[in-house]
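In the two assemblies presented below, chain A is common to both, partnered first by chain B and then by chain C.
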Partner chain A sequence: MNSDNSSGHISQRFDDELDAVKSQLTEMGGIVEKQVSDAIASLLDADALLAEKVVKKDKSINTLEVSIDEDCALILARRQPAARDLRLVLSIIKTTTDLERIGDEADKMATQAINLAEEGKAPHGYVEIRHIGQHVSKMLSQALDCFVRQDVELALRVAQEDKAVDLEYGTALRAMMTYMIEDPRSITRVMSIMWSLRALERIGDHARNIAEHVIYLVKGDDVRHLGLKKMAEKVHET
Partner chain B sequence: MPSGKITSVTEQTNQLQTAPSTGETKLANRANDYSQTVGNIRVDSPKMSMSNVDVFYGDKQAIFDVSLDIAKNEVIAMIGPSGCGKSTFLRCLNRMNDTIDICRVSGKILLEHEDIYDAKLDVVPLRARVGIVFQKPNPFPKSIYDNVAYGPRIHGLATSKVELDEIVETSLKRAGLWNEAKDRLDQPGTGLSGGQQQRLCIARTIAVSPEVILMDEPCSALDPIATARIEELIDELRSNYTIAIVTHSMQQAARVSNRTAYFHLGYLVEVGKTNDIFTNPNHKLTEDYITGRFG
Partner chain C sequence: MNSDNSSGHISQRFDDELDAVKSQLTEMGGIVEKQVSDAIASLLDADALLAEKVVKKDKSINTLEVSIDEDCALILARRQPAARDLRLVLSIIKTTTDLERIGDEADKMATQAINLAEEGKAPHGYVEIRHIGQHVSKMLSQALDCFVRQDVELALRVAQEDKAVDLEYGTALRAMMTYMIEDPRSITRVMSIMWSLRALERIGDHARNIAEHVIYLVKGDDVRHLGLKKMAEKVHET
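Moving on to the complex of A and B:
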């Protein structure tokens, strides 16, 4: 039996409780990932129906967040987990918060997609949405993978990618401002694109947070606010 | 090792339950190697300092080459599964093991640079300097007052009745029992509740102004409220005394101690700051024990 996952406790029910909450988290991750890709698609295709589906679905993410947190609270109260188990429960609680926020960002993008579908497509900005969207989706899926596999190397890569996304976001913003100056009639629509870009950038931040929770879970080191270089050192420390 | 992109939720769930970690080798490799203590066994100004302590009961060795410092005014908790030697080790610290005929202790145990196993050393004053509180409250079949006054009397710590009264009062106050006992000092100590009896035993221990207090599972016979009071008391006592506590309750160790020492099959496996031991221990066996897995 590998002690690196949640099993192996003298109390089999404790194993089951931890497994159950991990499964719920994975389920939530799956839904959130789908929400983000649907939100991006609804923007790119001006698909208001898909966007409305995304807005509706956000409720189920909120419900899962509450349910996971409740289960974690019960585990803390009943089992008083220590060491790795404690870090697992803490990082699950924190990850649900990030996933829920990602859900909110997807919801915001879908709302912008609905606006754009009503007002007509924006003249510019779809290349940026597609590009940053792909980048961020990959980060999110890697962040979820590294949680499942407890892979700190992958977690480190996710954190590094976030920096690249921030740069791309800055560039895209400048391009959007140029478009607005060139054609003030498009300001409302370009603003919708800008809000969507902003949402994508935030999703990247949350994916990075999740990666940091994984490093904390596996290595026991809190790497938040450390900077990439120090983070890499902690990851490679034995 | 799972590889490739995980696509579906079910697949993720399955992987989650079987996935090995990629970053956990430092713990896993050490599972069978515990002869070398992990962590810093020495401190700057030790109150007690143990080096290479072995303990035998007849032919059977119970403690293997344990070295450890106990710092002044710290609370150090000793934890480990039953039979790991934590109580045996604690009892070496005031030569309580002398009372067991077949028990033999070797190595060095210093109390303020003084070897407590020195043949010339008188064990009675030693036990006044290093007091002990046991698992089951064991008040003398005497009055509450006499229970506390017993030690100061035999050690001649009080010259007058007034002085003795004062020692009894301070000790009971420090043990948090004064308010409950002050009106019944002449009544038998055995008439108190379990938790009160344990606090009486602590009062009896501190009446002779010890430097170190050893506690051998002091709360395991008490209910949660009485336990909380004893823990509160340990917290207050730490400013004046050095405390070594053996406990079966890991939560208790986590709550009351500054440092924690983990024993396994007679070896000191790991010692470190309690905060680190309970969130991020370095030895696999420590982690298995405190997370409730098999060792």
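Moving on to the complex of A and C:
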């Protein structure tokens, strides 16, 4: 990860340690992104093999989470960072939690894909999975990007997108309920779609959380729970 | 919160700051516990007024999360804690996230309770809500307790209970699917029960996370993702 953090610490080793932990986070982000796109693909194509790959791969995300958190604790203990460096370490610690949870949600989608590959595809819901899946994948990719570039404007846009995803999710859920009522034989399979939609909606929430951590890191303001309007004000404060 | 942390820091003010943040965490835990029990009660009694109280109260949990995290960041910056003190601050930061998410899940249950109060109670599922609700509430209360008492044996039991909750949840879900298939007219209402069961299952996960933070705090080992057997070994290591 590049950042404007190379403000030249007295200790070169401190800079190296921060860079190492940032690059581990980038690695974790990349794996998580891939897991999400594979999970979506395994649902759309009823591809049980790909889904099983996703389930297996989840372990490596967990390992990275623990390793990054450990490195962050070591940096805090040995380097006693202050100001922006401290906020960087704290936002990395928060971000690993969100990335790990996104990994869990990808795992849940993959499990539903395995169910659907066994039982036969659901009669409905793939348009919604594809659409919300694309939207959420873009949010996740932007959230990771804005961490790397420490770009608060992009972070704000990610938070705004989350609202749109929530609306799309609500509409999709209501459509699925209607399908279930019209065709009760499809209930089990449509439920698999609903759990997957839920997982996508949660991934959107976590992408938003990551964006909020970036705003905290750059601006020093904790913008969680603030609402989009106030968040925008904080971002545009000079 | 009492802890064996009063190892006599050179600065009395440091001890006071740690105590203050611990007591804020206890306060937050108490509110979250009440939110969960009120949300369950509002579901069981189709009590929309109580449910609306839960939804409103969620804000105060969010405020506490931000305030505790801010205090923790200040302690890290000013006191530069090491060893167990550092782990204490880090586990508090992780625990506020879990408590806030539990608050969100209580909020989601309350929203379903409001739906059910409008549409009429679901024909099934209340036995499951009550049973899993009690189980999860006990786990949450124990998780908070083991933080206060820094009791790793209790923490281990909480993690073990989570496995039992997951099994109960799986059984309950399958029962709800059967009800929906048998009586499609009840689908919307049974779905409200299913979302609520899901929220309870997630609360169990977060209680387990809190227990894992306590083990990290006391033993210095990150036991997340380890599995119960290895976790028990770490707890019993001397």
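Please note the rule applied: the second predicted complex is superposed on the first by the 233 of 238 C-alpha atoms of A that agree within 3 Å, B and C clash if a C-alpha of one lies under 4 Å from a C-alpha of the other, contacts with A are read in each partner's own complex, and residues count from 1 in each chain.
We take it that contacts are C-beta pairs under 8 Å (C-beta built on N, C-alpha and C of every residue); 3 or more make two chains touch, one makes a residue touch a chain.
Computed from a prediction, not measured in an experiment: that's the story for all the values here.
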{"item": "Chain B versus chain C as contact partner of A:Thr238, first or second or both or neither", "value": "first"}
{"item": "First, second, both or neither for A:Gly120, with chain B first and chain C second", "value": "neither"}
{"item": "Partner chain in contact with A:Ile181 - chain B first, chain C second, else both or neither", "value": "second"}
{"item": "Touching partner for A:Arg224 - first (chain B), second (chain C), both, neither", "value": "second"}
{"item": "Touching partner for A:Thr97 - first (chain B), second (chain C), both, neither", "value": "second"}
{"item": "Which of chain B and chain C A:Gln80 touches, first, second, both or neither", "value": "both"}
{"item": "Winner by number of chain A residues touched, once chain B and chain C are compared", "value": "B"}
{"item": "First (chain B), second (chain C), both or neither touched by A:Gly170", "value": "neither"}
{"item": "Overlap of the chain B and chain C footprints on chain A, listed as residue numbers", "value": "80, 82-83, 86-87"}
{"item": "Chain A-touching residues of chain B, taken from the complex the two chains share", "value": "2, 5-6, 8-9, 12-13, 15-28, 250-251, 254, 278-281, 284, 286-288, 290-294"}
{"item": "Chain C to chain A touching residues, read off their complex", "value": "59, 62-63, 65-66, 69-70, 73, 76-77, 80, 82-83, 86-87, 90, 93-94, 97, 177, 180-181, 184-185, 187-188, 191, 198, 222, 224-225"}
{"item": "Footprint of chain B on chain A - complex, ascending", "value": "2-5, 7-11, 14, 19, 22-23, 26-27, 29-30, 79-87, 141, 144-145, 148-153, 218-221, 235, 238"}
